[in-house]
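Chains here go by letter, A, B, C, D, E and F, matching the order in which they are written, and residues are numbered from 1 within each.
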Amino acid sequence: MSSIVVRVKKKQIEQLIAKGKRLDGRGLTDYREIQIEQGVVERAEGSARVLLGKTEVLAGIKIEVGTPYSDTPNEGVLTVNAELVPLASPTFEPGPPSENAIELARVVDRGIRESKAIDLEKLCIKPGKKVFIVFVDVYVLNHDGNLIDASALAALAALLNTKMFNYELEEDDVKIKPGRKPLPIRKHPIAITCAKINGKLVVDPWLEEEQIMDARLTMTTDDDGNICAIQKGGSGWFTSKQVLETAKIAKEKAKELRKKLVKA
Amino acid sequence: MSQKSEKLIDKKGLRLDGRKPDQLRPIKIEVAILANADGSAYIQQGKNKILAAVYGPKEAHPKHLSLPDRTRLRCRYHMAPFSVQERKSPAPSRRERELSKVIRESLEPSIFLEYYPRTSIDIFIEVLQADGGTRCASITAASLALADAGIPMRDLVAACAAGKIDDTIVLDLMDTEDKKGGADVPVALMSNLNAITLLQMDGTLSLKEFEKAVNLALKGCMKIYALQKEALKAKYMNVKEAAKE
Amino acid sequence: MSQKSEKLIDKKGLRLDGRKPDQLRPIKIEVAILANADGSAYIQQGKNKILAAVYGPKEAHPKHLSLPDRTRLRCRYHMAPFSVQERKSPAPSRRERELSKVIRESLEPSIFLEYYPRTSIDIFIEVLQADGGTRCASITAASLALADAGIPMRDLVAACAAGKIDDTIVLDLMDTEDKKGGADVPVALMSNLNAITLLQMDGTLSLKEFEKAVNLALKGCMKIYALQKEALKAKYMNVKEAAKE
Amino acid sequence: MSSIVVRVKKKQIEQLIAKGKRLDGRGLTDYREIQIEQGVVERAEGSARVLLGKTEVLAGIKIEVGTPYSDTPNEGVLTVNAELVPLASPTFEPGPPSENAIELARVVDRGIRESKAIDLEKLCIKPGKKVFIVFVDVYVLNHDGNLIDASALAALAALLNTKMFNYELEEDDVKIKPGRKPLPIRKHPIAITCAKINGKLVVDPWLEEEQIMDARLTMTTDDDGNICAIQKGGSGWFTSKQVLETAKIAKEKAKELRKKLVKA
Amino acid sequence: MSSIVVRVKKKQIEQLIAKGKRLDGRGLTDYREIQIEQGVVERAEGSARVLLGKTEVLAGIKIEVGTPYSDTPNEGVLTVNAELVPLASPTFEPGPPSENAIELARVVDRGIRESKAIDLEKLCIKPGKKVFIVFVDVYVLNHDGNLIDASALAALAALLNTKMFNYELEEDDVKIKPGRKPLPIRKHPIAITCAKINGKLVVDPWLEEEQIMDARLTMTTDDDGNICAIQKGGSGWFTSKQVLETAKIAKEKAKELRKKLVKA
Amino acid sequence: MSQKSEKLIDKKGLRLDGRKPDQLRPIKIEVAILANADGSAYIQQGKNKILAAVYGPKEAHPKHLSLPDRTRLRCRYHMAPFSVQERKSPAPSRRERELSKVIRESLEPSIFLEYYPRTSIDIFIEVLQADGGTRCASITAASLALADAGIPMRDLVAACAAGKIDDTIVLDLMDTEDKKGGADVPVALMSNLNAITLLQMDGTLSLKEFEKAVNLALKGCMKIYALQKEALKAKYMNVKEAAKE
């Protein structure tokens, strides 16, 4: 977009927000409509598709046997990767993960990891030698803003949909046995993002808002209302009042989303 | 491909999933399903689930790669890490790079490339779930995405494979048949022009078997061509209805 | 982060290195220590040893990445292979790439980017020894390097983390506390503007604990801000004295 | 080449072909002169140099001990790589393999693999643990068209020239013993390429023909006349009649080439 | 720098050198002032910072357990890497090692390796299976010319500063024991570089001299005055007389530097 | 390099392949052997088999790397995967990248670079079989390829190594001698100008031994220089004869 178009749009959005309104008709703390569909990729151990307005994210889970990290010999391994595939937006380029894709993956990862959502000790096969590796692959299919919340939600929905295979150890070889069981999920971390536009906070920014926002703040909270991950992004700033306001919004909105997920 | 002892065709002449030798898998096609792309399509063929998107024509970038007399068609065939049995690294494999090339070359003949000199058209294909025959299903979907993007075309390209399992020539091999069968012949066709734009093969076929396989694959292409046209029609009906409301 | 049984705070309320909960590690800052860079700074915070250098504003390269209305700020946070316990490959890790981004975004609000359209400013950070809290120490040093380079700024950015160990909110976690503790909240602040330009968190905190941690971190930032100003003053005194001689 | 030069040349070549003639004097189904020289790189386990007109390709074979693929624990591993080294053509760039190099390697690979030319089961040392890996490295030294046929021929000639070392297993370690033996080669897959120019098929296109051709079609056939690999290339198309005509040409020409190779 | 500026500077420097003088006041065979500080990175097994005029280089040593090369099963492994990090010079770019960084690392490596400075056999833990790997990472912090000499000196000073951990083998696992001991260093290879400018040799060229020099010649000598590594660089040439003159200068200057190091 | 107990020189003073200490390996040189390259040469020196090709002068690309006052010489030394005992990955190793640099710098002094400003000349070297001393043989061949391409040159560059085995200074080390010997000194020379354009060393030599080795290497260079000129003459004779026919 040319900088003039951006400036005009910025003004328009800011004037609306000053009146508590948004371009797409939402109120400042309204979330877009969410659709969650689980099990969309049968070949994956787990999968889920999330529609957040026109933002569309697919997450797939694969589970493999591997070696634990040396400092956590009794725990399975969680690996989160995000692909901003070029069919999702004219601004996404093919090639190795961009800075944005890496940040996205790491923020989703932190939410799951720090909330201890997965009981990783239950994924240990043989301490120090063999554990399960849980690959969470986040695949953005259409980018219309707020990829972090949509991706975190898709990842969690896919984990909840995941069925692990049964196994037994035979002389250090993992033999797969019939039957499947769910992943040991203990918590449901939900990421909520607010954008700061002209000094006001708006929840769940869509693409046009992201293009003109000052900054964004994502807070991930667990079932107990504790914060487990935060990420500030963008080249603006927040006051400490705005930070605490965001924390409250995040806690409240996360409850709403968590309900939808458990229903899903 | 290695022929194992397990039977891929039963005594009744039916395949593992109950299909007759010349039967396609269930196919579901949707056009215009991605909001940002200029054109897009989704195909489900058996357990294959594939998205194709088209961006362009747009200014070629970097400029020194632009062509003075025609558009530059680019194509990326890519598999999601969770699309196959063992997780696939997201970095493009040699197989994906070859398929990107042959898919591009199967679609190029269908496009009036000279209409948009110095531009580029990008085709992005994402295989979300793979079950054999993804290159053909990708071509089928990508051709629709091109049409959806309004790119002027000679004809739609429809693609389908035939092959050999248990000494029988069969249509549209699924993954198990591909892996355990004796040969696989993917074909792409512009039906109106009788033009074969993709032809590959692996396995072993006598000349006669090959001829039979190609003819069966071409029939498959024509059936899929009909489904492509239905999908396009369905889209325009939707647009029309939307316009009425 | 996993909470282990070993105590990180003793009965007297002191931490493993003898600090009180709200106490910073010893900090040593020097400005203008690299000969070639346009601006530079060195920080020692506990065992962290970090260099920051600034080159620019200069013509943006490649040109198509230059911005018509402002300078392009680039930032590379990089760790020396010998800076950590196990040798780190010199190729940038995903962690280093994320930190490069958040550090850049924590410094951007402080710079009058629109003063130098079509140019770029490069910030290079090298962690020579790491002991927890390197991103904050890097921001503190890089902001001084920007000032040393004469880049017009709204304010210096000072950064510091607070966190939770043994259920106590403490300031400026060192590596062991970070790894064994319950939460870490790095914060960057432009003190004059009361503007938080970096905020991250990992671990688990209730809303109350979080509020307490942010406030403690902000106090830490303000103390470091004072040290930054001293370091700048020391540099100008040196320049003055050098001029006299 | 400028597009005008290409268009003039295209016209000239097409007019000749309409009369059944070619720029270099050949008839439409004539192959260029072939020279095959084996054993040119003594340090390799096998090697061969093929001259196809001015197209020059060197193939070298190295054999190493490695682990089998998990789905074929009893079989050795075949790996084909092709390098379009920049000394061979002004259009080849240094750097990682281009799309063309990858296609070339994979088409050569398919011919060998699908014809079951190498008895890979004989390359198994210890099932599931240790097998021989056969590296086929195709090195294009001068590019004057039809790299696929020349490369496939060089690869096969090099495999026929290959001498494996003898070995014995000592406590899971492979010990090399004196003496050498040939690779277990069962079939002689030969690739034949036709180009379609102005509706006509010409065999073994050279560079000038490739630059203006509509499309090419490569068929690899084995000693029994069965087809074992096909690759269509280029942005044109074929009719099914042309496809079958190519198959017949390929079968016939492959016989001729196979004879030359066995002589070599 | 524009080519005119370079030409003017070249003339100026050449005229001075013709009179036996240099821009920074040194005589032709004078070395810049050297400062060596060891142990600057406590977390590394060894480290040293070298200031050569305004050229500043940091070297850090890490020691890990790994596998030996198959042709030297009884020896530890030495690995030298050099990073021309972009904060050191406006001409250094971020990214994978440039040609210059690779050459720098390899010249430093050759000096240490060929002089047999480290008794690598003493770094063998279990022949053919486990040895110590010594990583020497050279980090250039400010580039003001003659990086080779400064880097070689920093690497050697860091090796002399290195303390290895004690260990014992427990069922093939290396267990670290309390206490530390120095690396087995036998020799002190010192690299000395001369630049050829307008037919004259100058020792320890600084940046402005390097920018206009014809060529450079580095000779590394050991404690016995033997040469153990040489590297010519730059696009000019030397006469054999100049080569021998450089060898003599290198031997003499190395003695001076070696003394400073032993003092350090 | 590690000195082992096996003898590299026998009682008669002969080396493993029967050569005297100051004897070159058999050398075969051919010029103009590649059809597409602007210039090319092939050298066999012992078991070394090396091709060199030159393309240019041609427009430099990318343009911002072109030099306003001279041509940009580029050089790639590359080994075929099958050229050495254990298969070498085709990706350029650090060794290959260093050798590319030193070979380029050994050839640069011989070229009138200023004749073709803003252009580039590419030298591509492919080692098909390696047996010690490949960098020298590569220089010898590449210099001929430059001449064959008609690049204006001060003189041909010929290269040869000398070294020490079993305490004897010998000429033109082969692989075994290089690996088991005590030192290797590769040298490149423009004979007419008495200009040493390459000098490297590894191993250990006293100053006296070094002087002896350099002088022996220079003699080797001069012998190779004669062979280079013969090869060029042979090429022109061929051209002449071809012209007559």
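Side notes on the structure shown:
Here, contacts are C-beta pairs under 8 Å (C-beta built on N, C-alpha and C of every residue); 3 or more make two chains touch, one makes a residue touch a chain.
Fair warning: this is a prediction, and the values are worked out from it, not measured in the lab.
Traced through touching neighbours, the fewest hops from chain C to chain E number 1. Chains that count as touching both chain B and chain D, per the definition above, do not exist in this structure. Chains that count as touching both chain D and chain E, per the definition above, are F. For the two copies, chain A and chain E, the CA superposition rotation is 120 degrees, given to the nearest 5. Averaging Cα coordinates per chain places chain A and chain D 48 Å apart. In this assembly, the C-alpha centroid of chain E lies 27 Å from the C-alpha centroid of chain F. Here the CA centre of chain B is 51 Å from the CA centre of chain C.
Taken residue by residue, chain F touches two or more other chains at no position, since every residue touches fewer. In chain E, the residues that reach two or more other chains under the touch definition are 97. Viewed as a network of touching protein chains, the structure reduces to one closed ring of chains, two contacts apiece.
Passing around the ring starting with chain A, then chain B, and so on, the chain order reads A, B, D, F, E, C.
Touching chain F in their complex are the following residues of chain E: 3, 72, 97, 99, 102-103, 105-106, 110, 113-116, 215, 217, 222, 225-240, 243-244, 247-248, 251.
Looking at the complex, you find that chain F touches chain E at residues 1-2, 68-69, 94-95, 97-98, 100-102, 105-106, 108-109, 185, 190, 193-207, 210-211, 214-215, 218.
Residues 40-44, 47, 54, 56, 58, 60-62, 64, 81, 83, 85-90, 94, 96-97, 135, 137, 139, 141-144 of chain D touch chain F in their complex.
Residues 34-37, 40, 47, 49, 51-53, 55, 76, 78, 80-87, 90-91, 122, 124-126, 128-131 of chain B touch chain A in their complex.
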